[in-house]
Structure formats: C-alpha cells, structure tokens
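Note that chain A is present in both complexes that follow, paired respectively with chain B and with chain C.
Up next, the complex of A and B:
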C-alpha cells in the first residue's frame, strides 16, 4: 500500500500540522520513551563511578551538578519522565477500554500536568546554579 | 428494436457528412473521428460558457484544487493539481462540487461515487488533509465561517493511485476478506427457524455493523501504511462484529480470535486514534480493537 510514488507532502510526517491528539500522544510517547532509554545508559555510567570509590563518585556528581547545562537537562529529564508516566496511565486506561471517547482530553490533561510539575520543579533543580 | 432501425440512418447521415468533411480536409481514414472531435469541442465550449456564466452569477464560488494523474496519457503521467472554480450553493457537498467540475470543465476528471448518501462507501477522499466521504462533507463545513475559498481534494494516502482520485482498493478488500466477514453458524436453537439476538448483544455490536468499506480508516492508519500485512482497522472492526456476536458458537469465536491475534493482527495497533477520527460512520474503531486485544489475552491467559 505504501509503495505508491512520492506524492510530496500528502503522506506521513509532512502532514504534522494536521495530526490529532492521539497521534501527538503516540509521537511524544515514543520520543520520551527513547530519551528515557538513552538516559538509562548515562545513569548507569554515572552510578558506575562509585566502583572506583566513594570519593570519585562524589566528585563526579559534584562536577556534573556544577554545570548549568546539566541542571537544565535535569529539568528536561523530569519533563520527559513525567509525561511518559502520565501518558502511560492514559494508555493503560485506553487498553482497559475506559474513557476512550475522552482520550484527547486525557492527553491534553497529561500535557498540562507535565508542564505544571516541570515549572514547579525549576527552583529546586536550578537552586544555587544561577 | 426501434433503435436498431433508426441508428443506421443516423450513421449514414454522419458518415456522409464525415466523408464530405474528410474530402475537404484531403483525408479519409480519420474523417469520422475528426468530425466527432469537432462536435465534442463545440459541446465542451458550450458547457464551459455555461460554467463561466454560472460562476459569474454565483454569490460565492469555491476553488477546488484537485489532484490529477493518469498514467495512461503521457501528458498526464506527472501528478499535478488542477483548479476548478465552482459556484457554491447551500447544502453543497464536496462530491457535488466535484461532479459540477467534471460536468462543466473536464469530463476526464475521475472519481468513484454511487449512492451519494454515505452508504456505498465509494467516495472516500483526502479533503483538506483529512480522510472524508465526499458526499458526507459539506463544503461550508470546511471553513470556520461561511464558504471556504479553496478546497484541496486528493486521493486517499497510502494507496496506489489508479487515476486522478481513484485508488486501488484491492489490498483493502483482501484484508477485509481475510477476517471472514460473514456469519458462519448455521445452527438454530431448538424450536426456532431463526437465530435470535439479545438486545444487549445487538447494542454491543451495533456500531461495528455500520462499516461501509470506504477505506478511510485504513488510509489514515500510520501502522497500516508501514505494514502491508496489518489487517487494518476496518478488518479488525469486522472481526469484532462477528467475534462479539453471541449467536456464533464458541469454536467459531475462537477461530476468529485466532485470526486477529496473529502477528499482524490486533497487536500492531498503537492506539493513535487516527481511524476513529476519520471514520465517516463514527465507529469507535480503536475501542473495538482494544476490546479484541483483551479478548485475545483472556483466551490465552491460563492460571492452571
């Protein structure tokens, strides 16, 4: 079905301006999922410095936390994780067949809630760095 | 046989005219065709004059941007968009506008349509970036206020274009057939000549029976676009309609679940809700797919 010739922006991601809530939820869920998988590796790498001794671990963490970009990345990580959790709950409800007619609203709700939590976390994450 | 008697006379007449015209042109072999072509040209011109007048008289006009493609004509091999100005009338559907354009501007403009009342499922089109039924889409609804200036009409995405707005539906029909979309149980309960359905069960499958095989959902589905073997929303909906029907026996229901729980069955669905958004009959397709997923799990989960 997809072997048709190139019809330009008719097909697929070129139509992103026309995507509906369910499609955006899917794209964000995939994206945040991959970000979390990627983070897992850096997370393990940082924790592994503890194998060289407690001092190395402490100095690694202090060195990372001293970087402003790391503070901002942490805010981003929280945003990604919170959205993935909330949309995951939404997908759980979808799988159980609960409230499918309001799936778009639950997507917007998870977006708004994510935004609120992230904004509220900014003072904590950026404390002392600015 | 009255037509059989009168026709030869007509043919003789046109033939003698054609011969005269052909002699004048110093050619005989293509005389007839040439005559007809000039007639066609004259008729075309007349209809275009009528079209111009209608467009001038109209309070509102709509600009149709229609996808054109014809692999059999070298000049039309390259996909392009044609513009048709159509006078707007209250209650005009996208299909009405297309038919007006075809009847007044270009009789080669090709699209499927039949019942014109959202029952036959022939005219699923990609209108302004969404899969819709041409006959069920009011032109006025395509703009936030009043009449839209421009309406973009394309063939269904993710399907091979045969010509203009006509796409190849063969694959879609194959997927529909593969779920065996017909009632199979022939046993009738004792003392009855018919298979009665409870009201509750009828309510359960009610929406799923509304499918008109238009293919809008299949075209909107991102997964079906990338996986040719995926059954697609319409076929799974058909499977739901029969798997949930209590009148079919248990072994038949199990047979149906076996079909839909294959690798390219229900589990390909990623709940993007695209199909549910575009379904012209408002079938909750994602809900039905999810219900079948649960049935498939229940069938395979055994705690003993």
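Up next, the complex of A and C:
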C-alpha cells in the first residue's frame, strides 16, 4: 500500500519559515527547472546565429564571452544546473526506494556539493575576462 | 489527513518519461558542461570548432538527442509545475497547447540548427 506525506499547502509561500528540508528541495528544484528551461530557449536562440553565417556565430559567442557579466551569469547557470542534476539524482533514487530514510541529509549533501563544485569552477569560468 | 500533491498521473506515461529523460540528461548535461567549459573553453568556441565536433556522428546524434530530450523534460516540467499551482479549465488547456507549440518549435529549431552546424544541407 502506498504511503503519502502531508507537506501542507506548499503553494502558500507565506509560511516559508515552517518549510522542511524536503519542501526547500521541492522549491529549489522548481526554481532551477524554470531557469534551465528559460536558458534552453535563450541558448538555442544565441546558437542560431550560426544560420546567419560562421562569422556571425563566432563573433556573437566571443563577444558575449568577453563580457564579465556573462561570465558571472554562467557561474550562476552552473550553480543552477549542478543543483538540479544532484537533486534530480536524489529524486530518482527516492523514486527507486533508495535512501528514503536519509532524504534530508541527501538534500543537504546536494547543496554542499553544488557549492563546492561551483566555487572550484569559478577560476575556469572567469579566466580571461578579469 | 495525508494528501498526494503530485500533478502527475501516478506512475503514468509522463511520469515515466520525465524520469527516463532525467536519467539521460544528468549524464549528457554534465558532459556538455565539462566539454564546453573545461576541455574547450567557452570563450574560445568558434564555428569551425563546433562544426568539427558536430561532424562526428556520435556527437551529432548525442547533441540532437540532448536538445530534444531537454525540450521534452523542460516543457513537461513546466506544465507539471503550473498544474501543481492549481491551474485548471481554460487556463490549463491554453498552457498545455501553448507549451506543446513552444516545445515543437524549439525541437524543429534544434534539428535545423544541428544540421547547419554539421554542414548538412537537405
């Protein structure tokens, strides 16, 4: 028999101080998902400059990469993507019935690992733009 | 009284596809980031380099599958999130068909762009 968990009205963000780790994981996964799908459309639009010719593609990409703000946005994108991946793996494992008793800890581990990977990647992402 | 909040039909087709695409995307998105930020730096990307990669059959197929899978996962995820927020009736139908249209347009553009990048003209 399936079991369900009463997480209250999660859409009521006014009671965010009462949110548990699982609800924060749910909110972060939705937020990062929205950002990633928005980026997917933007990314394809930018890459589509290839249809205007090789030079347009190369100059558009290199022109964007020359902007420091774009480099910082890429670090933000990395943070969003890494969290979505790690939390997504956690969700897949939960769906398979693995780690049901340590969902809070695996969420915190996702956050810490995301932070570590992003911090370690900053030099590579900012190289040549500072 | 406990309630079930997921807007997915329990263990339905969309539920399964969302998880299968997730498993694929976890691997390919990580590969994409590694290849285009750590192996090749994004600031040094040129059309010639992109074309060289896209002319490798395995890479081309992987990237097209990546784009199409990401499109489904993203659009299906947004639909699910909006249904979760409680939309129904006309709004739900409008969102559904709007997202299907946006997803199809993006999918077509991904295929067209991939062909251009690989230097393939139909």
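Everything that follows uses one rule, which is that the second predicted complex is superposed on the first by the 119 of 130 C-alpha atoms of A that agree within 3 Å, B and C clash if a C-alpha of one lies under 4 Å from a C-alpha of the other, contacts with A are read in each partner's own complex, and residues count from 1 in each chain.
Here is the rule we use: a contact is a pair of C-beta atoms (placed from the backbone, for glycine too) under 8 Å apart; a residue touches a chain by one contact, two chains touch by 3 or more.
Because the structure is a prediction, the values reported are computed rather than measured.
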- request: Have a look at where A:95 lands relative to chain B and chain C in the superposition and call it first, second, both or neither.
  value: both
Message: Per the contact definition in the header, classify A:33: touching chain B only (first), chain C only (second), both, or neither.
response: second
Query: Is it chain B or chain C that touches the larger share of residues in chain A?
result: C
Message: Just checking: does A:81 make contact with chain B only, chain C only, both, or neither of them? Give me first, second, both or neither.
response: second
Message: Under the stated touch criterion, which partner chain does A:103 make contact with: chain B (first), chain C (second), both, or neither?
response: first
Task: Have a look at where A:18 lands relative to chain B and chain C in the superposition and call it first, second, both or neither.
output: first
Field: Touching both chain C and chain B, counted on chain A across the two superposed complexes
entry: 2-5, 7, 10-11, 91, 95
- prompt: So in the complex, which bits of chain A are touching chain B?
  reply: 1-5, 7, 10-12, 15, 17-18, 20-23, 25-26, 91, 94-97, 100-101, 103-104
Task: Could you please specify the touching residues of chain A with respect to chain C in the complex?
output: 2-7, 10-11, 30, 33-34, 36-37, 40-41, 44, 47-48, 50-51, 54-55, 57-58, 61-62, 65-66, 74, 78, 81, 85, 88-89, 91-92, 95, 121, 124-125, 127-129
Field: Residues of chain C defined as touching chain A within the complex
entry: 1-5, 10, 19, 22-23, 25-26, 29-30, 33, 37-38, 41-43, 45-48, 50-51, 67, 70-71, 74-75, 77-78, 81, 84-86, 102, 106, 109-110, 112-113, 116-117
Field: Of all residues in chain B, those that touch chain A in their complex
entry: 67, 79, 126, 129-130, 154, 157-161, 171, 218, 222, 224-226, 228, 270-274, 276-277, 284, 286-287, 290-291, 293-294
